[in-house]
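Labels for the chains are A, B, C, D, E, F, G and H, by order of writing; each one numbers its residues from 1.
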Amino acid sequence: MEEILKQVQAGNMSVAEAMAQLATYEELGFAKIDHHRKKRQGFPEVIFGEGKSADQIEQIIQSIQTEGSDILATRVARDKAAVIQGRFPELIYNETAELLYSRQKPRENENGSYIAIVSAGTSDMKVAEEAALTAEAFGSQVCRFYDVGVAGIHRLFNNIDGIRNASVSVVIAGMEGALASVVGGLVSHPVIAVPTSVGYGANFHGLSALLTMLNSCASGISVVNIDNGFGAAYNAVMIDRIARNANAPQ
Amino acid sequence: MEEILKQVQAGNMSVAEAMAQLATYEELGFAKIDHHRKKRQGFPEVIFGEGKSADQIEQIIQSIQTEGSDILATRVARDKAAVIQGRFPELIYNETAELLYSRQKPRENENGSYIAIVSAGTSDMKVAEEAALTAEAFGSQVCRFYDVGVAGIHRLFNNIDGIRNASVSVVIAGMEGALASVVGGLVSHPVIAVPTSVGYGANFHGLSALLTMLNSCASGISVVNIDNGFGAAYNAVMIDRIARNANAPQ
Amino acid sequence: MEEILKQVQAGNMSVAEAMAQLATYEELGFAKIDHHRKKRQGFPEVIFGEGKSADQIEQIIQSIQTEGSDILATRVARDKAAVIQGRFPELIYNETAELLYSRQKPRENENGSYIAIVSAGTSDMKVAEEAALTAEAFGSQVCRFYDVGVAGIHRLFNNIDGIRNASVSVVIAGMEGALASVVGGLVSHPVIAVPTSVGYGANFHGLSALLTMLNSCASGISVVNIDNGFGAAYNAVMIDRIARNANAPQ
Amino acid sequence: MEEILKQVQAGNMSVAEAMAQLATYEELGFAKIDHHRKKRQGFPEVIFGEGKSADQIEQIIQSIQTEGSDILATRVARDKAAVIQGRFPELIYNETAELLYSRQKPRENENGSYIAIVSAGTSDMKVAEEAALTAEAFGSQVCRFYDVGVAGIHRLFNNIDGIRNASVSVVIAGMEGALASVVGGLVSHPVIAVPTSVGYGANFHGLSALLTMLNSCASGISVVNIDNGFGAAYNAVMIDRIARNANAPQ
Amino acid sequence: MEEILKQVQAGNMSVAEAMAQLATYEELGFAKIDHHRKKRQGFPEVIFGEGKSADQIEQIIQSIQTEGSDILATRVARDKAAVIQGRFPELIYNETAELLYSRQKPRENENGSYIAIVSAGTSDMKVAEEAALTAEAFGSQVCRFYDVGVAGIHRLFNNIDGIRNASVSVVIAGMEGALASVVGGLVSHPVIAVPTSVGYGANFHGLSALLTMLNSCASGISVVNIDNGFGAAYNAVMIDRIARNANAPQ
Amino acid sequence: MEEILKQVQAGNMSVAEAMAQLATYEELGFAKIDHHRKKRQGFPEVIFGEGKSADQIEQIIQSIQTEGSDILATRVARDKAAVIQGRFPELIYNETAELLYSRQKPRENENGSYIAIVSAGTSDMKVAEEAALTAEAFGSQVCRFYDVGVAGIHRLFNNIDGIRNASVSVVIAGMEGALASVVGGLVSHPVIAVPTSVGYGANFHGLSALLTMLNSCASGISVVNIDNGFGAAYNAVMIDRIARNANAPQ
Amino acid sequence: MEEILKQVQAGNMSVAEAMAQLATYEELGFAKIDHHRKKRQGFPEVIFGEGKSADQIEQIIQSIQTEGSDILATRVARDKAAVIQGRFPELIYNETAELLYSRQKPRENENGSYIAIVSAGTSDMKVAEEAALTAEAFGSQVCRFYDVGVAGIHRLFNNIDGIRNASVSVVIAGMEGALASVVGGLVSHPVIAVPTSVGYGANFHGLSALLTMLNSCASGISVVNIDNGFGAAYNAVMIDRIARNANAPQ
Amino acid sequence: MEEILKQVQAGNMSVAEAMAQLATYEELGFAKIDHHRKKRQGFPEVIFGEGKSADQIEQIIQSIQTEGSDILATRVARDKAAVIQGRFPELIYNETAELLYSRQKPRENENGSYIAIVSAGTSDMKVAEEAALTAEAFGSQVCRFYDVGVAGIHRLFNNIDGIRNASVSVVIAGMEGALASVVGGLVSHPVIAVPTSVGYGANFHGLSALLTMLNSCASGISVVNIDNGFGAAYNAVMIDRIARNANAPQ
């Protein structure tokens, strides 16, 4: 803004032009931040695919590609994905996670910082893969620790060192969701807990696991929406990026 | 009934007398079962003290003592207990558990069968003691494993052998109630889970722990009402008695 | 562990080998318990079929059969079962209960201990059969008492002796779920109550029966998740096994 | 209205007077019905005492007495009742039911029709007495069957004949509320079910009993609000009055 | 029973025969009541069709017809009904109400007693017709007052006299369910309220109308389960029968 | 009424005729108001299409057209609309909003009063268009401000002047519904908030946005049912009409 | 902004000064709007008294009075109000509504526009008075129509003309909340509905009335939070002000 | 472990001693981790004061001080705190936050990393201060941005730069909780959202804000339990510590 004012003062810019720029500034100010954030951090643009037609998604992809950004579309059902891939064959589709995304460039793991994706059962894999692939699409390294639920807690303990060494954990569990509390008590980094709708009866579509995680007696746990693997990964990547800076060789 | 009919046939009993006895049979049939169950199993009569006045409780105690049974009154607030003890000084009052009960005769632990009372935190002690004292009042041996919640899971593992050797476990936890699942995955005997109302916010007065326990991914867990230490103990004693017979020296 | 240490002390085992064994011990310790429990108790491995593809289930069956264990798969829809039976024709499929399981060896009923499976209405039969067949697959004797709901309570009374003589009852009811309380007041053994989602409107998919059973005014009742016939049977078999030991001829 | 119009036509009534009367008719039309209903049926005016001050209740009583009606005030706490009785010493106060009401004239029981007030436990007595005293204040005969809950179902069976002979039953139960279903299955007259807030934990202040009663598998049961003994009695009296006419000697 | 005992005393009946009869008595005692109730009151046997296969329903119909009773099957979907009518062409199917029932004999309306079936909107017609046809199948006269919801309250007032003259009203409403309160304030006979699941959003599948009706500020209203037109009719018929006796010419 | 009475008094009207007119008055009184309201305000008749068959909707359209009114049918699925348009080809169908309506005459925007339709995301467009088209069908000018949710609040600020200048805003948002509070804090006219069921998990079908809007810390916000774009528009049009009168050139 | 830029261009303002003003503009921009809105509309500043100490409220009053604004404090308990009045004796306290406010100047009712405050029962008076006094404090005329609930609907009809002539109605009802639908069907202006927490049992602290109002089958109704008389009045005043402009003599 | 085995192999350690150490290792393994975590990170020991007596808290403080750790006790009511300070006068008590804690050593703010504590209203201050003081007790720098709720969004924008420069934000809001979404859309660091129970009516004790935050349309938000300021701070400190390492001068 100072620059614009100086131009006006110097007579290099008319009042009308300055007003347009300042108005734009007000508008693009936020937009810039928006862009800045996306560009600087290398976040691809994200499309929430649920409730959008294949055609709508294609238009958005077209618009994003024009900006030169990578694509990440969540909750894209298989049949819609097939249609879209017909037009954008360069996109990869993961059926388990229902994700459609741009091929990632190989990442070099210079400093070893990674996110642990920990899931309780095989039925939680859809959400777990949504989280894992999202994190990878955002440029973080990921280690998967699947099917380590508390009903057979030795499975967790056999993997606990790998989990402990991560910069942040995403813990995914349905049914009673107890895994988040147990992991939270065993690690010293932040845990992002994702309740899933896996289960039946008094599970009430994920309410049970959600309440479990919100009431966790272990500290260091925060929670995202039921089945929101994407959101958990987004949080985890934010933290992992800080950690990567911290760990970076100097 | 056959006996009565034979008496009628033999002319030793009038029709009127037989009808009275058969009617009584119908009525006392159930009542007998009731008495039989209480007497044979050595269960003291149980008074649910909540919502009853000291005076009402005293009258019931009077009536039970006339039958020669022991007393167990649950949820008796301290001030009511003081009044009642004024009249029945032989009764013991446990303030933590809000239980008022007859002094127990020393039990001989011939075969070592016992009930594990496992609780997550110190705030669950009221419910845990209600369960432990109830089980003792019903004649079972009890081992207490308190404050072994999953936030610091080493506390549980340090005690797991003692829990595993019990005939049945009562697991008491508030907040997210994850302890029941973890214990259920580590022992091979039945687990009676008691959610407690300990917690705040999205705990919703015990709903969180209740749902957790009902949705446990570990097998062998059944659940009683929130804060129902008495009911859990009642179930556990039933199982422990079968186990004591099974273990009895022959 | 002592043995391993002695071997190390004696120079018969290298430090590396000892560490591997101790690590394995830590890991297999839990796994052993796991195996021990399954093997000793004759529990077949259980597969939760819901949300798994026929292919996934086949792989797990393959893996379990390699270990020499029996198979019990719950919640397997008819079409998936048909595919799986194509590959494993020796498995039996029960369509009502949606169970797929290994043929059982004939059980000798030496001491007459059995589990009562008590259900309120014909619509509860799916859950009741899941419980009954599970209990049989786990080696217990079962007596079925179906369609004895409280709306016509004489049906229950006509069967009450058979229920009373069981070692444990599984009581299955939807709608208002009152049957569990009535049975609980008439028997002196543990009752495992299973609310079902049978009903409509203010039944709220089983919530009504669930709350009824949790609040039962009869003692000796514990509850499992809505429609969880498997879980109830698992609990009941644990208790019946203790009872069978107790009743065994000596 | 025809009469008024004829008077106008005949010149016996001015247009203004007719309009006043017709306007009054419109207004008093409803009011008359209101009065008619109250007067003809001998219903005393009813005051809902909760949330009203003693002074407000006194003013309403004053107004009702001026009309010559009897008084029935529900949910009047003891201390408020004491104040009001200071001014209206002729009113009777029942502390259990928190009812304040006019002394009833002796009723002659010509045809034996009566309402059965059936309650599950002693803690339900407040609601049961609200129902019983209300029904009596409205002129019906009442038989009380208290403490006949399903946990000891023989208590119910010992009283079932007396319940069956009533014209209508009011069934009052808290906790799991199963009594309504059992009574509904044993009688052939209408059952008005009243859930009470007696209980704790997953009772959720009466929700458990309410859902139980709404989902009853027995036919002939309808339900009123939690703890609404007054409303149940009001319904029952309506039915009992029809039955009294039906039974009346001719 | 007295008769049996006298026969035994007189030597006309053996003890074994008497025991069989008394046992039968105990069993058939309840069954008899059951039959007595159904037969005397002319209630056809009722089949809850939801969740039963066409084949199962056919078997039950076969069994009921053998007893010589009429048929009333509720919640029978159109395709199932078509199959069943193929075998029992004498049955009538009403598609709106999803009822399948025996043709009724013409009823003579000697004393004019009838049930008012009052519904708020055209979307409530399924439930309203279930109630109306059930009441007719049970032998009551019915008057239908449909589409008289409170949004255009003049529709109700235009019909209020017809409603007032009924012996009992069944009031059916979805969305906010206010119609029950308004009718309850305008009539002096019992009102059976049926909340329906008609609506969307914060209606929560009928919860809104259910709560409205339970909390009605008008007296004389009792409530059945959401969409339970059958249950409301069953209650109404019970009351209408008493009224018909009361009104009968003598 | 006075007129009628005078006619009677003057002998120009018989009592019978007067009674018919007064009765009609009572009945048509409400109906007239109804008509008056619809006609005077230019509201087309509205048909709630959900749960009605194409045939039923056609009959209602026929009846409304006979009265000469315009048509507005909400929640008409595409296939039903196609059938109806076959018969009424003059009707317009908007697939996004599922609205079927009469072509509007061009409105002259004399005084510039308009309704702002503000929506948070593209998934809310169905509800937003239901609101916008309804308002237009009722004769109001509408400005659409779509996809201005708070996650990128600059989008809202870029449009805030256009929103501020409206006479009333309809704010439509799903997920967490925060947009209503933010708009409410920035404008000085009434805000009608519409929660939508857009979202998943702990959104609970719109409950989340509903509660958000009811608890808004900004003043001047009132709320309609989840997804009720029609209802919000109806309210907004009522207010906009007052504003149009206020703004009208004089 | 243009002015500032011209000053800069003309050299009358330094860049630094311009930046400060523009920054201030950004900040005060919103603040100005805020002030503008309050000042221009004559809204007194509003203090939400719940959860604030008497001392905190006094400080805020002090600050507001310094700005020369009137005071309106809601939800101020009696004892707190007494303390505050000790310091600000010019403030008026209404105990029923728990409002503390500045004495209003007499309003001239030039054009007769007024808000109808309609309440169902005497227990709703606290909320009704909060609404009425708030509206008066904001400068609107108010007519009170209290105790006109639907249980005795003639009370409403006797007052319907007065309600119909208002510019907007605030309808306040607890228990089942049906009054809003009935009023909404009888008037042609906007209705702001306020559910109250008056009631018990299945009322669930106002949830029942809230759902009723949200699901109203009458159009033209929008809803505010439970017991939020203030918020309803705020909405109503906004609409009434438009109406006053519309009605103003010209 | 390797070290121990080598000592055994070398004969420097007996088998018994090794077993004790390994056993201890197993037990203290977890405990060590626990200690390690607390010590290394400078976390003081935390006591959850709710439901503990002053005496119990004193004992725990005594035990912690013996270990040389600092004290942080949450949810300590004023009267309890007064008693405890009588014995531990060196502890500081903050009445707003109900925190009792050891005096902190001055922190040097070498690299400027800090946590933004952002709250919506003055009523949220208790939770906000619990978070702020906890974070300070754990060694982080904190900037407070209080009373910046969305109803007057300019307050937020005036402070947005300060919030954006934090390493992590804790956003605290009651009522509708919209602030978290707005902040989440404006910053590029993780946001920990804390719903508070501030509000009334359809707020349902914080449920409204909780659901809002879980469903946030802005990415980068995770949620903790209602009113859990402590838990949010714990999470934030974990992240801020990573950031401090990242920012540290090298």
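By our rule, a contact is a pair of C-beta atoms (placed from the backbone, for glycine too) under 8 Å apart; a residue touches a chain by one contact, two chains touch by 3 or more.
Everything numeric here is computed off the predicted structure, so don't read it as measured data.
Enquirer: By the touch rule set out at the top, what is the minimum number of steps from chain B to chain E?
Expert: 1
Enquirer: Taking contact as defined at the start, I'd like the list of chains shared as neighbours by chain D and chain E.
Expert: B, C, F, G
Enquirer: Measuring centre to centre with CA averages, how many angstrom lie between chain A and chain D?
Expert: 60
Enquirer: Could you please state the distance in Å, as a whole number, between where the Cα atoms of chain A are centred and where those of chain G are centred?
Expert: About 43 Å separates the centre of chain A from that of chain G.
Enquirer: Express in whole angstrom the distance between the two chain centres, defined as the mean CA positions of chain G and chain H.
Expert: Those two chain centres are 39 Å apart.
Enquirer: By residue number and range, which residues of chain D touch two or more other chains?
Expert: Residues 30, 33, 152-153, 186, 201-203, 207, 210, 214-215, 219, 225-226 of chain D touch two or more partner chains.
Enquirer: Among all the chains shown, which pairs meet the touch rule set out at the top?
Expert: A-B, A-C, A-F, A-G, A-H, B-C, B-D, B-E, B-H, C-D, C-E, C-H, D-E, D-F, D-G, E-F, E-G, F-G, F-H, G-H
Enquirer: Where on chain D does chain B make contact in their complex?
Expert: 122-123, 152-155, 157-158, 198, 200-203
Enquirer: Under the stated contact criterion, what part of chain G meets chain H in this complex?
Expert: 26-27, 29-31, 33-34, 48, 50-52, 56, 195, 197, 205-207, 210, 225-228
Enquirer: If we count contacts the way the header does, which residues on chain G are in touch with chain A in the complex?
Expert: Residues 1-2, 5-6, 8-9, 11, 15, 18-19, 22 of chain G touch chain A in their complex.
Enquirer: Given the complex with chain F, which residues does chain H contribute to the contact?
Expert: 120-121, 149-153, 175-178, 181-182, 184-186, 199, 201-204, 207-209, 211-219
Enquirer: Could you please specify the touching residues of chain A with respect to chain H in the complex?
Expert: On the chain A side, the touching residues are 30, 33, 37, 41, 46, 167, 186, 188-190, 192, 210, 214-215, 219-226, 231-232, 234-235, 238-239, 242-243, 245-246, 250.
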